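Letters are used for the chains, namely A, B and C, taken in the order the chains are written, and counting of residues starts over at 1 for each.
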Amino acid sequence: MITVSNLNHFFGQFHALKDINFTVPMGTIAGFIGPNGAGKSTTLRTLAGILIPTSGTVELDGISLFTHPLEARARMGYMQETPILYRELKIREYLEFVAQIKNISKSEYQDRVQHIMKRCGVAHIQERLIGNISKGNRQRVALAQALIAKPKVLLLDEPTSAMDPSEVIRIREFIRELKSEMSVLLSSHILSEVAQICDRIIFIRDGEIRYQGSIQEIEAIIEKAHQTVALRFADPVEPFMQRLQGLAGAQILSVEGLFVKVLIEDDTQFYPALYKMVSEYGVPLREVVAREHRLESLFSGGSKS
Amino acid sequence: MIIITIISLVVAVGLTFLDVPLWAKTLAIAAAVSITALGFLKESAVASKLTSIKQFKSRHLLVAAFFVFLLAVNTLLRVYEHVWDYSRTHIYSLRKESVDWIGKIKNPMTVHIFLRSDDKTSAYVDWLKNSAYSLGNKLDIQVHNINRDLTLADKFGIHKVGETVLESGPRWVKVDDFKEATLIKGIVRLHNREGSSVCFSVDHGEPDISDTTPAGLSLAAAAAKDVGYGVRTVSLRSSSDIETSCSLLVIVAPQSDFFPEEARRLSTLLGHLPILLAAGPNMPPSLSALFQEKGLGFGKLLVDQENLERHVPLTDVQVNLGESEVLSMLRGNIYLPQVQSLNLVDMVAWHSALSTPYGKVTVEDDIKNVGPFVVIAAMLSDDGIKALVVGSNKPFLNVNWRYASNGAAFVNLMQTLAAESDVKLPDYGIVDEPIMEMTDYQSQWIRGVVIYGLPAIMLMLCAGIWIVHRRVKS
Amino acid sequence: MRVIWLIATKEWKAFFYTPFAMILLPLFLVLSGSYFASNLESYMNLAHPNESMGDVGFAVQGLNTMDGILRPFFDSLLNVFIFMVALITMRVFSEEKKSATYELLVSYPVTPGKILWGKYLGTFSIVLSMLALSLVYPIIIQMFGHPYWPQVWTIYLGDFLFLMVYVAIGVWASLLSENQLVAAVITYGAFFLSFLLGYLAHIVGTPYDRFLANFLLIAHLSSFNDGLVFWGDLAVYTAGTSFFLTLAYLRLKRHYA
């Protein structure tokens, strides 16, 4: 369980995180999405204990990260966006190092390391130096070090960015297997991935959480709140502009020549009103161009929900 | 804030150079330090974004307290300084003899140590002061600056850094450094010389000790004073206190003969103090009779041409002084400046080698041609030299002599002889290590090993580790 | 404790599994070996001169292996260490900061204290092993002569203490920057600063000169080189080490509220 309350972070004068609040319950995989510079990495690094925020609290598995740093970190596994590891060590050596640092006992750690290497698909190259392996493999090693101590909280920063599709599928399955025992917070640009694997979405933009909820909830919100259509008319629209502006359940966004972009706020009201406008007032509507906006719309324009 | 800090630091530093009272300097420095510390604390408080004042205070107070603790421990250990001495020459331990000798000092003694201002020996001097203090505080150790305390330096004739003078009342002794051994020897000499003089005989036409011409003995007298002796003239006829107050009797180039009672007196004196007799073959007959009676006389000494190297002692010398066993005891007891310990025949050879490179020479030739005096005979006892007879037909201390060190040689002889009558000095013989025996071949070999061999081995070792690690085991 | 050992051994691995060790250790041996050989040679010239050199004999007095060879050698050895230790410590934290391994390390359940001790002890033990390597030279002398070993051990003690502080400075400096060169420069700089403070001692008046003189780190070594162990010197070196390690700890602790 991850609980973040009132997280604020200033980089000098720049207010990077503005009052962040969210939770990730046990057994869920939450997707942390947002445009570049929105604050995803900052948040993740704060949760990993690398950054100390200006104010706010973080609880990992019920333990406050700031008042009990050691216990909190013991329950957490973090995978960096660009994993940089100790290049002079072999994979196995490195993972044994991490296992012991994370307090896995002397009798267990070697078995644990072998096990996790198999699950992450690096067991066959375990004697190779980290400096010599491909980026994809390094990501797997990074994932392995995050998982090795059976964390209750898993923080993944762009976990599959360098992997090829088959690997991605494998990792996805792997994480799904594990999710029952932990809370996973996964940040990604790859929306299809997020959609496939996550149960929850947390959308951040300009340092603020815009949305959070289950995928279905969000998609519904998006669909509802962000459906824009373009109405194509036969004639210039000035004469009936007023009527259009009075359309119920909609908001005129823009007029471009014969196209009027309309934001549908309530489609139960909008379509009947439109139909009425066309049939009763003879507004020369020729075409309604609907756009499918899903998660992507969050990234472009759009106002608050 | 920064400006205030800089100003306070500049003021504090500046004040240390000026001549203000100590409390002002301390105050300025304390203020500067506090302001700087406050500045740092403020900056770090802002930078660390700690969420509560209490947290900030507790952490920084802890750190500050820790630093104060460090400072306190350091100061404490400096004040109650203790030393573990593992040096080869045991620099920081006083030997029992030293402690005894310091205890014997009756009158307060001042030790003047002359150093330069940047000398880093202050810790040792402090230790000396502490030791002297704890042993009864009869030694007052003062450090002088050789460049600044010029009047004192001139008074004692200080030329080298480290020279030290031990002064007790009107007498003083100069020594070369202030190591324990040297200081104690100086103390011994000073102690023993209270009431000691070098006595120059008169009444036989000897040169005068106040005569500053080349034929005079003023230099010799000054040299005696230089090492702490008093200087007197005595008459073998009339002075009755020669035994008690003279450390050395010097008879230089007597022209007229000695009376029989003077010769007898001399004979008695030989049992009490050393005599330095500077004369030549034309010695007054009663004196030469006296010496012959004691088993010494003049004769020819022949020198073997083949073995004229200075540092190789002659082995085969025909000596015509009769079968005196005194002569066999002469070796190793002649002192000349520059060369520490040369036996009689070496010295003869030296002079001879310098004067006539070819052929054999005799001592008489030496005396005639060469000029520096030659030690002709010496009388030894178990405790050392009792009498030393040096011969020359030239006036002493003549700076025109071919070998300019003659005057110094004579002075050295005098000083050394006088010191013989001092109480036996403590022997701080640090056994010098035998010189390391290594042949050139071995040293070359070692050179190769340490510069090339060992690094190569290390390189291979490390490269090996590196390579082995990189190998992938399937 | 296990964690400290873990981090320290990782330092060793980073030293030996990279080209570092291969370059620095032989370099150290070459430098110190050259100094040793040249000191040996001058001693040999004085002690066993060729017969053709005439004027000799008295110069030999007081020429023992300690003063003749070993002390000048240990003086030079110290210079070698001053040069090389900064090179070893500069990568301790800087490398980690530059790469993101530092971040990962911080995310692990390790206290900053343990990280610091692990790094410090790991680095210090590497430097100590170099000091131990230098024992080869007095041993060579022992095979041919009679060095006075108690004094030799005190010299080593002095070097040990000095290196304790020096490595602490290096570790702290490497925490200050991501760039290894900058860290090395800061280390050298701090060391030279101690010189500055030491020389100030000569200009300043009496009560402060002894105090300031304590800051000149290598001044204390001269008494160790004489075979003397002053308690005050012991305290200065341990204080210096604590000072810099505390500074480093404070810096490190910033990540742990």
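The rule we apply is simple: a residue touches a chain if its C-beta (ideal position, glycine included) is under 8 Å from a C-beta of that chain, and two chains touch if they have at least 3 such contacts.
What you are looking at is a predicted structure, and each value in this text was computed from that prediction instead of being measured.
A simple rule picks the central chain: find each chain's mean C-alpha point, then take the one closest to the mean of all protein C-alpha atoms, which gives C.
Ranking B-C and A-C by contacting C-beta pairs places B-C first.
Subunit A and subunit B have Cα centroids separated by 86 Å. Put simply, the C-alpha centre of subunit B and that of subunit C have 36 angstrom between them. The centroid of the Cα atoms in subunit A and the matching centroid in subunit C are 51 Å apart.
Within subunit C, contacts with two or more other chains are made by residues 17-18, 254, 257.
Listed for subunit A are residues 52, each touching two or more other chains.
With touch defined as above, residues shared between interfaces to two or more other chains in subunit B number as follows: 51, 469-470. Residues 16-17, 22, 25, 29, 48, 50-51, 63, 66-67, 70-71, 73-74, 77-78, 80-88, 91-92, 117-118, 120, 122-123, 310-311, 338-340, 432-438, 440, 442-443, 446-447, 450-451, 454-456, 458-459, 462-463, 465-466, 469-470 of subunit B are the ones that touch subunit C when the two sit in their complex. Of all residues in subunit C, only 2-3, 6-7, 10, 13-14, 17-18, 99-101, 103-104, 106-111, 254-257 touch subunit A in the complex they form.
Partner subunit B is touched in their complex by these residues of subunit C: 16-19, 21-22, 25-27, 29-30, 32-34, 36-37, 40-41, 43-44, 47-48, 54, 56-58, 60-66, 133, 136-137, 140-141, 144-146, 148, 150-151, 153-154, 202-205, 207-208, 210, 214, 219, 222-223, 226-232, 234-236, 239, 242-243, 246, 250, 254, 257. Those residues of subunit A that touch subunit C in the complex are listed here as 45, 48-52, 66-67, 69-71, 73-74, 76, 78, 80, 82-86, 88-89, 93, 97-98, 100-103, 145.
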